[in-house]
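One structure, pasted below without further comment.
Here the chain labels run A, B and C in written order, and each chain numbers its own residues starting at 1.
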């Protein structure tokens, strides 16, 4: 089958084909950009938080009576928690990865107000921090109990030691291996020295949408806030059983506080990425729906084209065209339209992506999304046209001699 | 004649049920997708206080770091103010009204025996807050200036808290216990949920309003730190609460009420003069960069409409374009299939205008059907969004359809269908009366 | 009644000019029954299209009922078609999804008659063609002859001054064709002018005046020489 005659026949009735090609082009522009966003969000959601999410939950204790000795209460709570069978370890801290709220500070390699710093999340922990979160210490050492200090809520003093994530270390010392950074000094609050005691592999900051989410620091400090968050790591499989039990235990241990906001890390992850997960679902749905609509449009117009050309098809058959030849004719016709469509679609898709990256700060798409979408739409076109084309092959040659 | 065209349209739809259903479905789905996003966008970008949005202004002073702007990209000043500036501007009282507020968390201890204490969200503010933001009351009202000045322990409750603690009775004059302190109730707020929550979007532009309101002076006195965001560009010196109050940390929102351009300009001049005077004291190391946005400008500057929604809006609009291209193609097919009919009618005396009217009416009918089903699709879409965001309470506020949106959906559908009908109808009108009359 | 003077019709495409009518002149008086015949491609359909105001003419003048209609706009032409001319086609051209009543109704709708007036006229013409009992039938439920009768009723419902018939019996067997011709003669006898295009000499002979068209011109305008011309 030559392209020439098919193309010339199509040029006679351009508008219908132009419409399909346009439709395919816009469909492709949407499809490519939707896939690009889906890929990006899926990648974001797949980033590890670095902690043992499946076995960790946390809950808050909020003291509402004045004159409660926070230090005693927290120490006793922690002892009770750590001695509960099924609990691996527990700490009192300010936040957890993915939670959405936390404390951030700026770290710098030289002291001084005019020196640029790197933002980092701060987790206040004691020597049980690494064990409770299930972190992977890749260099240096953990805090010792005597290094952990108490501070009042408004305090501006910082302990002289910290454990950094690998990403934070690499940001501060771009040219050095994480292990070599151990022992070095960085500055918090412009001129408070902090010695790097150890490096942990991964621990995300509490804000999943922050572009420095891999940068965190553990600080050996506890503060006498009236608001206190206990993080509990359980043995695998015991979490759900222990949660109500521990909530009840803390609630009954003191009447001067309320215990609230108990949540697993799994729930926290879900909440943190709710927006991304929803967007991925919406875009998947839109893309699927769109492909169906475009497919149906092709089916509708191809059916119309077949029924309009019944007589012509009969004549071709009478003149000796075989059924496969008729089938090929319509498939080829669709292939040509689709080619124009996906060609225009590729340009439109790239233009839209450039604009969206600019306007909404998105990551640019991967190059291969365009050819993949082109192939997919070619395939959809051929599948959609197959039905009507098969019906065309069933037109009997005798139609040619009928008058009406 | 219109009724005749309606009849012909109905007949045409009935004789081509599949083609017509495809068109109606394409429009309905396109409208559904589009209007779902448009509705969310419409609510997100709505005017939360239409009567006063031109008279309320958000105060932003650039008190930030000399070496590092608050916002690297836009150089917008911080969206909160320091305690020092807030109190100075309050005392100066250069605007018709000025209000400072910040979020606090409190534990409410209900008076009933055995009732467990619970956490409430609170707002520390001055008495002008209620008049300035047109807050509706069921019982009583806000507190007066004397209560502010004397640090009187008074409280305004939300309706929900009043229902929970006092069973919905008029509780004005009664007392509640929060964190061990006793407060006298001066009023109960009726349901009041501005969307977006314009007066403080720093912790979420679509959060619920607070449940209790206490005087700013009391909150400072009791050393209640904010439960919203606190941002500092400089280390807070030692010295506890007082040192924190005197620091350059920003943590409260400030609004002023001004009527007209002259008052706005006068207040802006006052702000600039204030910053100049502070510069002499060694504060405000950056160039003068103050802002005084009204409600709409403020919400736009703070980007309260999520990027996600804007991206979806673009994609949904393109989606509708695809649906319309689809409809144009199908309508064209329909017109071409019926060219013999058109040709005959022309021969029998139908003018071009009559043929045009006939096909426009038919397209309008398809658009109307698509619009009505599209409203249903929009409802389904919004229900779906609500389901996807089930864990986010505030999303429920964003997926409400009102009559404006229903009407918009139907009008958009009809307009789309008519738009889609233009080209096919033009083709129909051009069909020559003699062209199809001889079949041989 | 109908007067064409030096009418020409040229079809132009990018490369070819086709002269369908050349300097064609014809006068038809009120009450005539004229047959137009000629070989395929002679221009008889073009003549009919121009006579019926379905197409413009390239040059010449065309007067209908004493009015020059060669330069009217679409609306005026549509109105004249609607009010003064009735069409009958070889393939009937009934609208398949409309029943008999509604098919006859089509031109009356464009005429803007009130419902009662339309009903009166439709019932009258359908009675006249003898299909009163089939008023609610669809065209597909009727025989060819009956369909053509409906088409004639549709042409007559507006009480036009003249009928244009294009091979009205071409799709019918000879018995049905005969009865359609009887009907046309009856209509002509009642005063309606009829111009009928046909290639059947036997049918042409039933008209009072015969015109033979060749190469876009009138070859013979005579009743006696027709047989000779046709056999030539």
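The rule is short, and it goes like this: contacts are C-beta pairs under 8 Å (C-beta built on N, C-alpha and C of every residue); 3 or more make two chains touch, one makes a residue touch a chain.
From a predicted model like this one, the values you see are computed outputs, not experimental measurements.
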Interface ranked first by C-beta contact pairs: A-B
Chain closest to the middle, measuring from C-alpha centroids that were averaged per chain: B
Rounded Å distance between chain A and chain C, as computed from the means of their C-alpha atoms: 73
Cα-centroid distance, chain A relative to chain B, in whole angstrom: 26
Approximate Å spacing (C-alpha centroids) for the pair chain B, chain C: 67
Residues of chain A whose C-beta touches two or more other chains: 404
Shared interface positions of chain C, touching two or more other chains: 91
Of all residues in chain B, the ones touching two or more other chains: 439-440
Chain B-touching residues of chain A, taken from the complex the two chains share: 15-16, 19-20, 22-23, 26-27, 29-30, 33-34, 37, 62, 64-66, 113-114, 116, 152-157, 189-190, 192, 227, 258, 260, 270-271, 274-275, 277-279, 281-283, 286, 289-290, 293-294, 296-297, 300-301, 304, 307-308, 352, 356, 359-362, 403-404
Residue ranges of chain C in contact with chain B within the complex: 45, 49, 52, 54-55, 74-75, 78-79, 81-83, 87, 89-91, 93, 95, 97-98, 106-107, 109-112, 154, 158, 166
List of chain B residues in touch with chain A within their complex: 18-19, 22, 26, 29, 33, 67-68, 105, 107, 109, 116-119, 178-180, 225, 234-238, 240-241, 243-244, 306-308, 310-312, 314-316, 318-319, 321-323, 325-326, 328-330, 332-333, 336-337, 385, 388-389, 391-392, 423, 427, 439-440
Residue numbers on chain B that touch chain C, as the complex places them: 1, 4, 11-12, 15, 340-341, 344-354, 432-434, 437-440
